[in-house]
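Heads up, the next two complexes both have chain A, just with different partners, chain B and then chain C.
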Partner chain A sequence: MSRQAESSALAAAPPGAAPARWTWSVLAAALAAGALLPQVVTSTLAITLLTQAVIGGILATAVGLLIRQAGLVSFGHAAFFGLAGYFIALPARHGLWPAEVSIVLAVAAPTLLAFLLGLVIVRIPGVAFSMLTLAIGQAFHEFALRAREITGGEDGFAISLPRALYGVPTEIFQRPQSMFVIAWVALVVILFGLHLLTRTRFGRVTAAIRENEERARFLGYQTVVPRALVFALSALIGAVAGTLFALYNAFVSPEMLHWSLSGSALIMAIVGGTKLLWGPALGGVVFFFFKDLAGDLTEHWPAMIGLTLIVVTVALPLGIGGALVRLLQRLRPAGGRTHG
Partner chain B sequence: MQARMWTRGLIGVGAAAAFAVQAPALAQETIKIGVPTALSGTYADLGNQAKRAVEFAVNEVNAKGGIGGRKLEVKVLDTEAKPDVARKQAEKLALEGYKILTGTIASGEGLAMAPMLERWDALYVVTINKADALTGANCVPRVFRVNHPDEQDAAIVRPWLGTRKETKWAIVAADIAWGRNSGKSFAAAAKANGKELVGEFYPAFGTNDFAPYIQQVKNSGAQGVWIALAGRDAINFATQAKQFGLLDSTFVAGVSFVTDNTVKTLGDTSKGIWGIINYSSTLDTPANKRFVEAWKKAYNGDEPTNFEGETYIGMQVIIQAIERAKSAKPLDVARAMSGGTFDTLYGKSQIRAADHQMVQPNYFGYVGAQGGKLRPIITTTFAADQATPPPSGECKMPKL
Partner chain C sequence: MLLQTLNGLVYGGLLYILAVGLVLIFGLRRVVNFAHGSLFMVGAYVGYAIATHFGNFWLGLVVSVVVLAVLGVFLDAVVFRPLQREDPIVTVLVTFGILLVLEDAVRTIWGKDFLSLKPPAALAGTVQILGESFPTYRLFVIALAAAVAIGLSLWLRMSRIGLFVRASSVDRTTTAILGVNTDRVSVLVVAAAGVSGRVSAPVLALSPCMGRLILIDSFIVVVVGGLGSFSGAFFAALIIGQLHNFGVVYLPWAATMIPFLLMVGILIWRPSGFAGQHV
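Up next is the complex of A and B:
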């Protein structure tokens, strides 16, 4: 299959078309499934693991979006994830302002920061961009580690949240059953939003820039701001994941900012498949459970993850998501034509 | 045919479901001990010692038929000595029914787990974390400590430091809760003894290259150095300090620095280094002699290390508390622990109700040859009442 044929097979619908009726059905079904799951699954352990997996899936979606929409590989997305956590934790620790304000800032500040950084660094292609994101991420990590008086250093600290947030009992964010639904809804809304976004003019312009930045520029398009916007959007999604994580765990530590988390997010996205919008999220959930299982089986779990990554990238270049789509197409040869 | 297959399938599912419902009832028979500890990373060596000690104690009890006929079961999960991972793994253990937790290494991990115990309906017996806060400002009803917190170590460092002739001192300690705690206590001890502190260095946890710190210690003109580094940090620092001549030019002492295991790895490099000895297999108590003999039999003649001894003491307390409570429910066990006196390797030791800290003796010594082998040798023994300061008053322990 040629590359073009592959990507057209993987695209849900031609760009520019209004969302088909089935997409709304999928949205409704996805939301309903998430709301029902805690009713069906009674094991608290399973739900708490699922909640963490979905939050990981959101972070992976952020990294995947950047690859899919801008062709940029980030090694530093833990920065936005962790910054969100510290934006919630630090004001509470130092008694600066109400938690409700912190939560807004936790999402807004990393997004703004990413946009401003993006204006500079998206101009730099390839590996250099990745290295810059790595450096930026590690700078925040180093600060959280070293500024012990402010951040609690390596040990991190528990976040003291008020009893209610926006009039909702804080308990809701910390009980696995309810937090799973919140995280799931966030993931579904993000994926659906991104699905709509790829159909807009902005979506097409950024795709054009990704394919050939020089040509897009010659056609008269501004190419830096759109890419910085994609970077900011990706940071926003990462910050949402970090906010959910911090609310759920009520704990922050520099690990939230560490490059190993950025690396994990990238692995999740690749394993799931970055050609698909929902691939990275799937990869995130699979990665989480695989890591959990491997950790139960052996203390050499990092080796198992490494081996699996090699196998997946070699055997399934489109990721698990891509392999699933192909499998479905093979099972229903006529299925692709119904809305073609 | 199809219909029959369906019914068969349904019966199968039904049977599986019935089994799934029954499984927890059966599982209640065993008493589950969860060990969230470092199996990889800087403190992996410590974590494996904790794991060995818990497994040894469990095998010992199970060989005798368990506690009241109930066998013990252990599950160990890797925390990488990272607080956030420890929190996740401890939660997982608790939700799987392993609600009696022990054997965690870094103080930051213990501090991250402590506020969650109530929610998990779990219990945590500290055997290696040293930060004072766990039985001080951050104490909670479901945390008990059987090992020596930093303030107990500091209580014996102060009189010892007065006997040293070195007047200029430097501190090198890990930049984590325990290292900071130890550094602060040593600084206070130095001040109380009229010593001058010429440098304080806090390398990050898991540092590989200590050269810049070693150089700065040398430049500071320190005559003595206090070290609070453990695991791979201790090995890396000691090896590099030897290469740079720091160990030969300066008097070196520390805590958790030259332990039974690091001495094995470092060999002659560790010779003559002084330090706190929290537990030694050479302790002269009947209980300890029995323990060491049984351990040697189980592990090819190896003697138990300090961390193994301390974690074993934690298991002694857990087992006796379950026996007394006649229950393995965390809350019942916690009630039996608070204020209780237990038979440990040190003799009879009490866990104070005020802060859940066990009162026990402490030791000081240096690394030297004994019985043809290099090991930490005890030179000074501090009795329990002398070694344990009264509750700091920072802990406001809520009722269990």
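Up next is the complex of A and C:
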């Protein structure tokens, strides 16, 4: 069978088909909702929490993408998140180049690194891949902790940003009200971009590789590079989250690279549901509000997220998002029938 | 130089005992236990508590073996066996949850500061090796790891269970069809993780994150050695132990990067590790 025939058999809808009209309406509605929310929610505390939740949701989306599109579970995504932070902070500290350049590098460098690493580690299947990502995250964290002369060690340091970035006052990035809108737009654009991506040939080839790598390889597909690209794309999204976080807080420390952040991102994705594009982001929002509610109990936060992870993995494998979708599906046919 | 090599052997030996546990569980159940390092940590803390309370090092060792064996039975019955039919990643996520819970429990009970434990009086001295003095206790750890390595390879080759384990690593389905019961192995593996944790207490400092740190190194050992290979894990543990020690002494800021870079290098050269045919 020729390669073309296979690829069209592989794709149910022709690749590159224009998205349905409603998707554009959803995009517009999502953007509008984000822009209006700070007008409605006046409490600074709530909007600060929401901003954190959305940035966390972007990181969770990165982890979720890797699970959904490549079947690979990463325990080390804080590496890309934190690297982005250090790529902004270190040049500013040593006055190497303008902050605008640093921001571009902060997204590009972790992506490139992930692609190169990906070429090596995506060949390692399943569980072993997860073990390696844990090691990657830890290696960068320890490096930031130990290499005091370069990174300032455990305490981290404040990032000295110029008054304006790309002509926008830096203050905009640091006020929760405006940062919320920026982070929200970033999240919506990322989710929309990923939605379009799953409809392309690339999206379908990677899904085929996820389902059966060996078979996809026998059909003549290159299987390493597409997965490395998914890994790089996932790192890119993680780096965007890290960049936003660093601009918002104007501070970096090895905490940004810490394994517990990787673990949290993974938990957000699992809790939200990785079968759905928007599941991990939902998980991020739930995670931060749950954490806020936990209040005094946050001393035992690691144990609480540990227990939540166990319960959700075993009892709710589709996550909260999956459970919601199922509930809606159950309601819809019933509603249809009563209306005739 | 000789002393540094011996120190590397101490860490390599501890890594080997842990890595073997991971390899055994992987061979039997095709899953990886992310809580393995936490069991090492729990073993160390339980032993520490008993030893400081009763003032007897060896009693602490015995108690931590018993506690960890019970924990092993429990984990196997509640986690590994029920989740066997699920995707391996489910077990990974659940054991990661257990890791978080155990680490928090230890931090709550014993605090997050470093604790240290003195070796028992009988092994507290130093030995002269080629004109340099080396702590006797560390020699004991090396000897213990060597004994575990030899005992294990004999056990795998000679005993019935060992035969089952090897069979199961090669072809789990057929082995299961033949009705092999390998449950006892999990107990042994978890108890071994506890012993190595306990034994390591006078060498490494006790802290709630000790389990995670050694877990990552033992993951590197298992992957570099070739997932599921005992001999691969043995050589990888020796090499990573030396590199770890070399890094800590000469390049402290890069200590964790060195094993990691080695791992990347080996995976480029041989994607399935030293001894893996295909993963």
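The criterion applied here is as follows: the second predicted complex is superposed on the first by the 311 of 340 C-alpha atoms of A that agree within 3 Å, B and C clash if a C-alpha of one lies under 4 Å from a C-alpha of the other, contacts with A are read in each partner's own complex, and residues count from 1 in each chain.
We take it that a contact is a pair of C-beta atoms (placed from the backbone, for glycine too) under 8 Å apart; a residue touches a chain by one contact, two chains touch by 3 or more.
Note that the structure is predicted; figures quoted are calculated from it, not measured.
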Partners on chain A (chain B, chain C) - clash or fit: clash
Which superposed partner A:221 touches (first chain B, second chain C, both, neither): neither
Which of chain B and chain C A:124 touches, first, second, both or neither: second
Chain B versus chain C as contact partner of A:302, first or second or both or neither: both
Broader residue contact with chain A after superposition on the shared chain, chain B or chain C: C
Partner chain(s) touched by A:290 [first = chain B, second = chain C, both, neither]: neither
Chain B versus chain C as contact partner of A:202, first or second or both or neither: neither
Touching partner for A:155 - first (chain B), second (chain C), both, neither: first
Colliding stretch - chain C into chain B, listed as 76-84, 112-120 or 148-156: 112-120
Intersection of chain A interface sets (partners chain B, chain C): 146, 148, 302
List of chain B residues in touch with chain A within their complex: 39-40, 77-78, 82-85, 87-89, 91-92, 95-96, 106-108, 111-112, 115, 119, 175-177, 180, 204-205
Parts of chain C lying in touch with chain A, wherever the complex brings them together: 26, 31-32, 34, 83, 88-90, 92-94, 96-101, 103-105, 108, 212-213, 215-216, 219-220, 222-223, 227, 252-257, 260, 263-264, 267-268, 271-272, 279
Chain C-facing residues of chain A, complex: 73, 75, 117, 120-121, 123-128, 130-132, 134-136, 138-139, 142-143, 146-149, 259, 263, 266, 270, 300, 302-303, 305-310, 313-314, 317
Interface residues, chain A side, partner chain B - complex: 43-45, 48-49, 52, 145-146, 148, 153-156, 158, 174, 249, 251, 253, 255-256, 292, 295-296, 299, 301-302
